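Letters A, B and C name the chains as they come in the text, with residue numbers starting at 1 for each one.
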Amino acid sequence: MARSVTSQRKTINTVAAWTVGLLIFFPILWTILTSFKTEADAIASPPKFLFFAWTLENYAIVQERSDYMRFLWNSVIIAGGSTLLGIIIAVPAAWSMAFVPSKRTKDILMWMLSTKMLPAVGVLYPIYLMFIKLGLLDTRIGLVIVLMLINLPIIVWMLYTYFKEIPGEILEAARMDGAGLREEILYVLTPMALPGIASTVLLNVILAWNEAFWTLNLTAAKAAPLTAFIASYSSPEGLFYAKLSAASTMAIAPILILGWFSQKQLVRGLTFGAVK
Amino acid sequence: MATQHSRSAARLMMAPAVILLLGWMLVPLTMTLYFSFKKYLPLRGDSLANGLEWVGFENYVRFVSSSSFWPSIQTTLIIVGGVLFITVILGILLAILLDQPMWGQGVVRILVIAPFFVMPTVSALVWKNIFMDPVNGLLAHLWKFFGAEPVQWLSQASLPSIIMIVSWQWLPFATLILLTAIQSLDSEQLEAAEMDGAPVLKRFWFIVLPHLSRAITIVILIQTIFLLSIFAEIFVTTAGAFGTKTLTYLIFQRVLESQNVGLGSAGGVYAIILANIVAIFLMRIVGKNLDA
Amino acid sequence: MGTITLSKVTKSFGEVQVIPPLDLTIDDGEFVVFVGPSGCGKSTLLRLIAGLEDVTSGTVKIDGVDATTLPPAKRGLAMVFQSYALYPHMSVRKNIAFPLKMAGMEPAEAEKRIAGAAKVLNLTDYLDRKPGQLSGGQRQRVAIGRAIVREPSAFLFDEPLSNLDAALRVNMRLEISELHQTLKTTMVYVTHDQVEAMTMADKIVVLHAGVIEQVGSPLELYNNPRNKFVAGFIGSPKMNFIEGEIATKHNAATIGIRPEHISLSTKSGDWEGVVGVSEHLGSDTFFHVKTKAAGLLNVRASGEVSARHGHKVFLTPDTSKIHRFDKAGNAL
């Protein structure tokens, strides 16, 4: 039962929430604004909020200096590829855990999650050596595999929670209707769990997109994604606010846009399927 | 529901995920353990092909006795604890605020979750330069505007600064989980409490907070997993200087900067032990909650 | 087409044996109802026939062919579930078409069968809707439609009416009975409601704790229950059981008398008692009568009888309708 609230109360809520919301969002907004300033305007004192000479030159310079499209493409392949591969491996596993649970199911799930706690830095050098040996260093396929592995526990966990919401009787009905395991998963389970799968995909694309340990340590020039692209701006030489902002905006824009367009799935996904 | 047939199918379908993760865990772990008992300095000509010198527990002893070890543990715990504290408290307050009736709730929600989309390298760089720079940073302007001396954020208040940056990134996550949990609270319970004469604060303390306990556990669990290994934020802002060297960063320096693989591996084993202590502790709580 | 034979079938979950060795034959074209209180193993038995669970030992034969290890898809049976188990993302048409698609049937032939089933079940106007847009009764019919298009050798129903409201349940009961008369296909129907069992079955199988208590036609069970459990379970309101002196007089440990076989009078009779609760249904009146001689008895009187709470009444049992049981509860 929603209670009627006085409009005065509602106004106060609105003002408070919008203030806090804008405050939290402000760093992003300011970065985007700064990216359209000239370098002089970017460090003007007092700072210029909206009234400055808007320009696109920073974007042109950043693109020229560091070939944005190549990094973007690497990010897309790495984030998309690792998520897709993860989903393909996780769907059957989550099906097993959700619909044919055994005494050990929960232990396996917990163990999977605990591999996520393995500090990456503890195994950095072995992975580094193996990558050299296998010729995977600075390749996209290498990163796809590593990011798939580090996110696999989360993908399995999320899919498991979503699958558990689907009544087992429907899958049994499919079995009675003559569906084999493949048809059961493909025609019945997957379409029914689609919102959950979409949330899982979105969250993992974001996690993979923003992953900044393996992507920084296992790539050099060829396979470097946007995390590395932006890290190259951390060196003090040639640090200009407007260009830094333009590069930052370009690095986060794809995910920001994706996130905003798929807000509903994302909000669901962001809770890792753990809270309803 | 299960027949022999579906049980064996289940085992088969679980195999790829289990085997991959087992390999991902065991192979590097074994190598790390192996290196940790060896003298392994690639720059001085040590290599796997020539065989490594066995040094017993020397690396372990050296790693712990190094003057940076205990401070790094302390730094790690302060950062993780600080961020958890801030995000949980602010997250609860924000979730309650966003749960109130208002205009434009959807838009506010988008604004609040936006920082989660920002990659750590970007947020670290933006905060470091555009906001926390002592000369041109926006915060410096703000301080000057109020007639105060600008703060040298990342050198004088390095730990609070990093905690602030990381909290900004993780606040959306905490808020969202807690908001979802609050929205699932049966409003009749609150109305019943109101009928029983419980004032607002008591209603919060005795009804809302217990209802949120599961969500808070999940926030703490998931954030701890990610916070224990934060790297980019420190790499970009202070590179471990000014007392911001976490255990993760210390090991990173030993392995990649000083190229002492043996010593770094011993550190890695310590990090794994630390993570496991935290993990066992957390898994206990979550394992119980997962059934519900 | 459509005989099902279970021989020495058992089922255990871990250490717990839910079905001790059990033999049962279901003949072609029969309407068989498994009835029993919840937890008696009736659904498990159905799922063993369906192949959704493995038997622990014993064999299941369908049409004389050993189907014990066949997966559900290969047994040629169709099932209607308690929750209907419709595919929520598919239209009614696609739901009904699903088993045909799985069987690889030509679209034209499939379309013909779907149209036929839809006509029989009054679903023609709803073929393009999603299950979420249908009422409970319509969903039930879709589930049945999905079962009949396959022309299975037998239908399995798992408490299909328990999610419907009372009025609809009576309707659907009739529809399923009619369907059975038209198709003449074997139907195995699980319910905990003895009224459903009595009204629909050719043969009732009464189960209790995984054991078959009695198999027989509805009237056989009503007239000649083999033991106290069946006697108490079949018939509504429940049979009265009387122990002690009255039972001894009939040479039994317990005697049973159905509420409809006791006549009630305000003037004279065998047992004197006081009316506790009276339920006036118009067509019948049910009384709970406290008697000194026989304890609390349920009595059913035809039509409206004006005795009320606190009234003194006299009860007389129809001695020819008395059931006698020994100490172990078996009928004498």
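Quick note on the criterion: a residue touches a chain if its C-beta (ideal position, glycine included) is under 8 Å from a C-beta of that chain, and two chains touch if they have at least 3 such contacts.
If you're wondering where the values come from, they're calculated on a predicted model, not measured in any experiment.
Asker: Give the label of the chain whose average Cα location is farthest from that of subunit B.
Answerer: Farthest from subunit B by mean C-alpha position: C.
Asker: Which chain's mean C-alpha position is nearest the mean C-alpha position of the whole protein set?
Answerer: Central chain: A.
Asker: Averaged over CA atoms, how far is the centre of subunit B from the centre of subunit C? Could you give it in whole Å?
Answerer: Taking the average C-alpha coordinate of subunit B and of subunit C, the gap between them is 58 Å.
Asker: Rounded to a whole Å, what is the gap between the Cα centroids of subunit A and subunit B?
Answerer: About 16 Å, centre to centre.
Asker: When the centre of a chain is set as the mean of its C-alpha atoms, what distance in Å lies between subunit A and subunit C?
Answerer: Here the centre of subunit C sits 54 Å away from the centre of subunit A.
Asker: When you check subunit C against every other chain, which residues touch at least two of them?
Answerer: Subunit C, residues with two or more chain partners: 52, 71.
Asker: What residues in subunit A touch two or more of the other chains?
Answerer: In subunit A, residues 172 touch at least two other chains, as defined above.
Asker: Note the residues in subunit B that touch 2 or more other chains, in rising order.
Answerer: Touching at least two other chains: 1-2.
Asker: Give every residue of subunit A touching subunit B within the complex, in rising order.
Answerer: Counting only subunit A, the residues touching subunit B are 1-3, 5, 9-10, 13-14, 16-18, 20-22, 24-25, 27-28, 30-31, 34, 43, 45-47, 89-90, 92-93, 95-97, 99-100, 102, 106, 108-110, 112-127, 129-130, 149, 152-153, 156, 168, 172, 181, 206, 209-210, 212-213, 216-217, 226-227, 230-231, 233-234, 239, 241, 244-245, 248, 251-252, 255-256, 259-260, 263, 266-267, 270-272, 274-276.
Asker: For subunit C, which residues count as touching subunit A in their complex?
Answerer: Listed in rising order, the residues are 50, 52, 71-73, 77-79, 81-83, 85-89, 98-99, 102-103, 146, 150, 156.
Asker: Considering the complex alone, what residue numbers of subunit A touch subunit C?
Answerer: By the definition above, subunit A touches subunit C via 167, 169-170, 172-180, 183, 187-188, 191-192, 194.
Asker: For the complex, give me every residue of subunit B touching subunit A.
Answerer: Touch list, subunit B to subunit A: 1-2, 6-7, 9-11, 13-14, 16-18, 20-21, 24-25, 27-29, 31-32, 35, 48, 94, 97-98, 100-123, 125-127, 129-131, 136, 138, 141, 144-145, 168, 171-173, 176-177, 180-181, 184, 187-188, 191, 214-215, 218, 222, 225, 228-229, 231-232, 235-236, 247-248, 251-252, 255-256, 261, 264-265, 267-269, 271-272, 274-276, 278-279, 283, 287, 290-291.
Asker: Touching subunit C in the complex: which residues of subunit B?
Answerer: So the residues of subunit B in touch with subunit C come to 1-5.
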